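Chain IDs A, B, C and D follow the sequence of writing; residue 1 opens each chain.
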Amino acid sequence: MKMAMQRIKTAIVGASGYTGSELLRLLLQHPHVDLCAVTSRQEAGKAISALFPRFRSLPGADLAFMEPDADAIAATGAQVAFLALPHGVAAEIATALLARGLKVIDLSADFRIHDPGVYQEFYQHPHPAPELLKSSVYGLAEMYEKEIAAASLIAAPGCYPTSILLPLIPLLRANLLDPHSIIANSMSGVSGAGKKADTAYLFCECNESLRAYGLPKHRHLAEIEQELSLAAGEKLRITFIPHLVPVNTGIHSAITASLRAGVTLEQIGNALENAYAGKPFVRLLGAGVCADTKNVTRTNFIDIGWHHDARTGRVILTSAEDNVVKGAGGQAVQSFNLIFGLDEKAGLHSV
Amino acid sequence: MKMAMQRIKTAIVGASGYTGSELLRLLLQHPHVDLCAVTSRQEAGKAISALFPRFRSLPGADLAFMEPDADAIAATGAQVAFLALPHGVAAEIATALLARGLKVIDLSADFRIHDPGVYQEFYQHPHPAPELLKSSVYGLAEMYEKEIAAASLIAAPGCYPTSILLPLIPLLRANLLDPHSIIANSMSGVSGAGKKADTAYLFCECNESLRAYGLPKHRHLAEIEQELSLAAGEKLRITFIPHLVPVNTGIHSAITASLRAGVTLEQIGNALENAYAGKPFVRLLGAGVCADTKNVTRTNFIDIGWHHDARTGRVILTSAEDNVVKGAGGQAVQSFNLIFGLDEKAGLHSV
Amino acid sequence: MKMAMQRIKTAIVGASGYTGSELLRLLLQHPHVDLCAVTSRQEAGKAISALFPRFRSLPGADLAFMEPDADAIAATGAQVAFLALPHGVAAEIATALLARGLKVIDLSADFRIHDPGVYQEFYQHPHPAPELLKSSVYGLAEMYEKEIAAASLIAAPGCYPTSILLPLIPLLRANLLDPHSIIANSMSGVSGAGKKADTAYLFCECNESLRAYGLPKHRHLAEIEQELSLAAGEKLRITFIPHLVPVNTGIHSAITASLRAGVTLEQIGNALENAYAGKPFVRLLGAGVCADTKNVTRTNFIDIGWHHDARTGRVILTSAEDNVVKGAGGQAVQSFNLIFGLDEKAGLHSV
Amino acid sequence: MKMAMQRIKTAIVGASGYTGSELLRLLLQHPHVDLCAVTSRQEAGKAISALFPRFRSLPGADLAFMEPDADAIAATGAQVAFLALPHGVAAEIATALLARGLKVIDLSADFRIHDPGVYQEFYQHPHPAPELLKSSVYGLAEMYEKEIAAASLIAAPGCYPTSILLPLIPLLRANLLDPHSIIANSMSGVSGAGKKADTAYLFCECNESLRAYGLPKHRHLAEIEQELSLAAGEKLRITFIPHLVPVNTGIHSAITASLRAGVTLEQIGNALENAYAGKPFVRLLGAGVCADTKNVTRTNFIDIGWHHDARTGRVILTSAEDNVVKGAGGQAVQSFNLIFGLDEKAGLHSV
């Protein structure tokens, strides 16, 4: 097949953090990618393999980081750019790259929220490029496969939202839950905080520590509630409690909701199985099984289990994913694969 | 003061596990304890310091483990025995020791549940000594101080229940919450699983792993619901989601409940402050502050913070304790101090 | 190329432990392997994916564990068997499988030691199949490539030995070191202890613990000294200090030796570079660079750095590998690739 | 006893890092300390309990950090100051405080090296106060008890040096070892790197990572070789290999040396037992026993075991200590106790 030999010239903008390095790992090994540009303001001039000795054996790892300049990136022939930048910053370079004809897969929050007012409420500054919101597609591949394939600008979902949306959306679409009863408790590995010089994320501050944070209005609520409301067909709000726990990567979410009267566990199972038949990265564990992040770390899988708390009339959903793979870089590569007509699993099988 | 010089002859029955070794740590250093007997079926004959080199410098650490025999324990002159045994096993020796005139502080579940039917429902066997349930006191010192002081048989609360009950009871007593809306998400360190040769708790099975377990009907629900129902003045049920996370010790609970109409954050704070004024081991962090286990590990404190999720009308309570101290051995020593008229903090100040 | 399509029918005997599960991970994803039999006495009848949910998405993961019976394994058409069994046990089934015409790649210590007297000294029982020692090949692919390719019975090296031999052999062959001055300090992740129900390896016994063990005569000394003596051309003995440290996988070795008079750092570098030119899994970090296990975990690489301690006339070598990959399963697959004429890197590239 | 009621007015200069917070923990609970001043440039104005919620229950924890000004410190009536500052900075304030009549216990390297030339060689700048070197005493209480009791300026030993000197000094003094054969391999918890905003010590950079660093000439060699040379009665040099490993606190050292001809394991044991009889914080584990940091963390003990590697004629010593207690704050408090004529164990018993 001709497509199998195709190599897409690809850039990563902001490749020195944890999401960036996961993109490097995936794209340096992707059979259809020719990595032609990687940027980092602070590491410009250094080779990928110098910053990340883990990758020193991979072809392409001698590529040097460059400054994040849209013209320079376009000049490398890049057809697509992944952006692993802080929110607010991403929108600016996205605009410039789109204007130069590149596809853009943005891993920041900048294009996830349809309503610029909601963006401003949660991110505390006016949206930097509101006109682009109309064309951006929320990159949850299991839900928006066709839209992603046709898009120029993808907003890859946040790590927590992915772990909460995939278990819930099919159940809300099937009208099995009271949409106002949802409470999500999530635990994240420390890579979720990013690779920044902040004493709060030093080894000794996180090891042997369990803590909630970001209460009661974590930014990810904006996209979680947007997508859940779309699924429920009505505006809803949830309580979301994120925790920081001492693992490198991994997100575990335990989600409760009251079942609509008469809804059975079988209906829960059916709704999930119907939604994810043929979806290669969602693994349904079945009723009575709990998800465990150690089964999904460094993979693009999300595992989902469910329990009926018959005593209280609630369903308990548990999900496990790797926050930097399915919750970030891997999911972004899934969108890439769809955009370029590749096998959705290309570059993402490894377990 | 004369009391200050008093030394109470004390036994620990089942001193080789994680709860037992925490009791050893506390009691070997307690100013009013003369540890006269420690038992362990599998370690009988060995010195404490041989099994636990950490304690080798403490006076008394050359005491040898003996077989768990009630007559032999009584013969050492023990006035009181702490039991750190599996449920079902504890009741039998408790009965024998009480008959020999010892006070008993039991850390198993055997005497926590007032209703033997509920015990049987959750522990899957008939209660082994139902007649003792009438006189046993639930050893939550912040709630039952007077009853504990007068008791011969204390049922020290479970680790999870302590972390859930202390934040909630004052709010239910003050009628601030919808009692049917409570959901508790807890994370526990691996010591909570006990020191047993089970591959599920090997380092490599727990490190870099996040998982829920025991869904939907963990045994601790029995005592949690018993005590919350008493506080609420009506029968209630909650959803409880325990998780196993890679720390040695520490329990973090995040608890949500719907506020009764019109209830303010100030009322929440007042109820907690009124309940815990003068209680030395409850540290109220205040509104808007999250608890962190690293501030309480190896201490008998429980830290409690709270947030108002105004968007959904819920309160979010977070608590942090050390599961083997405040959640087990330390709390049991608190009861011991109350029984023998000692300062409640004796042997428990160290930070 | 015709070879590219070849699939070798392969068995894993003893596939339920940490080495076994790493072999499963590698062989289920190996492009030239058709996994036809996996055995486990205690898990017989269960599917691979039931025991290891991580692998549930891989083709072949529904294969069920069978009892370890040589006839039954041969009946599956297996051409080769990997043995991940305790020493002593491995020899017996190896003999039976060889008799049935299979190639055998044994990951135990049973065929590593040429001299049955040394085996008995270190393993405390007579060698169970001394006649096979003549034909077995020590599976250190960087040193015995040709012999491996021609062998029917491979003794895959131990995890510590691999990390110590690869840095030292080229320097001893080049006569750069005083062979009687070698001291190796190694740290291993807890997977090195195996997946056995032993309280010594519980999470709480290993986390926040640093300890040496196995002093002064760890079993791996037998093969280390055998191979170093061969490289030096004279009988030598070393001091070896293994440590258990709280990581899942990874071995780090720091090795010191006195330099022969006049030997320069450049000669050290040259000897290593000459030895490992074209060897795909040895990554020489250069002079002045320290190895770090986090750059090699879950890969088949070993990273090696070196320093000149000019003040004392010693060289300090540091190496890092993953104990269950390069130190066990991955290295065994390297031998497999050589035996079957495949690309040495087949199934082993992933980073 | 009158002394028992004495409370010494005490300051901590630089109390916001890991060593500083350990000093806070020890001194806030010390029965003879009245903590009257704590300084931190960046936290000035904040209460101790605000920065360290762990301490919020301790009397004195509402004391506010002040700027590090010698006059202001002296004005609080402080009789003694502990300095937990970077090298170079410590000397300046030490000079000023000594001039104001305070005793100074410095935890930096500034006063550990007798020879300012060696200081300059290892610390790369001229010694900031060479005249004070004559009167400063190296605060290794087990070796310099009398000198410490009489001193005004103590240089508390480094964390690694403590773990290496205590096992070796008695053996060198007894002339049992070849002094030129010593190699020390040490592993340190991440708190040893200090509480600084440096991405190298983020959780994800240290967790699941094993690495050596600081080769071949770590700064601690200066004081290690100074003290070992004094013990041996001749100038010696050692090879020292420090490693960073994923625990919060703890140092484990494994030290090898060639035994002088004819030296027996019994002589090793005798020399250690003679040296440490009556020394409360050195716990000799005996021949054939390995030290484990989990037995000493959060205590002021150092555990020492030894093995005879008869095959090579070497002794292997293992030691375990807590790097922020016996290796820093606790050891400094030991000196404090000696200076003020208190029980050497005051404030340091807790296990």
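Assume contacts are C-beta pairs under 8 Å (C-beta built on N, C-alpha and C of every residue); 3 or more make two chains touch, one makes a residue touch a chain.
On a predicted model such as this, the values are computed, not experimentally measured, just so you know.
**Q** Considering B-C alongside C-D, which chain pair is linked by more C-beta pairs in contact?
**A** Between B-C and C-D, contacts are more numerous in C-D.
**Q** Which one of the chains is farthest from subunit B, going by Cα centres?
**A** Relative to subunit B, the chain with the farthest C-alpha centre is C.
**Q** Subunit A to subunit C: how many Å between their CA centres?
**A** Distance between chain centres, rounded to whole Å: 37 Å.
**Q** Roughly how far is subunit B from subunit C, centre to centre by C-alpha average, rounded to an integer in Å?
**A** 46
**Q** Using mean CA coordinates as chain centres, what's the gap between subunit C and subunit D in Å?
**A** 40
**Q** Show the residues in subunit B shared as contacts by 2 or more other chains, in ascending order.
**A** As it turns out, subunit B has residues touching two or more other chains at 189, 205, 207-208, 246-248, 292, 294.
**Q** Can you list the residues on subunit B that touch subunit A in the complex?
**A** 180, 183, 185, 187, 189, 205, 207-213, 215-217, 237-239, 241, 243, 245-248, 250-252, 254, 256, 288, 290-294, 297, 307-312, 314, 316, 318, 320
**Q** What residues of subunit A sit close enough to touch subunit D in their complex?
**A** My answer: residues 18, 189-191, 195-199, 201-208, 246-249.
**Q** Which positions of subunit C touch subunit A when the two form their complex?
**A** By the definition above, subunit C touches subunit A via 25, 28-29, 53-58, 208, 280, 283, 285, 292, 294-296, 298-299, 301, 303, 349-351.
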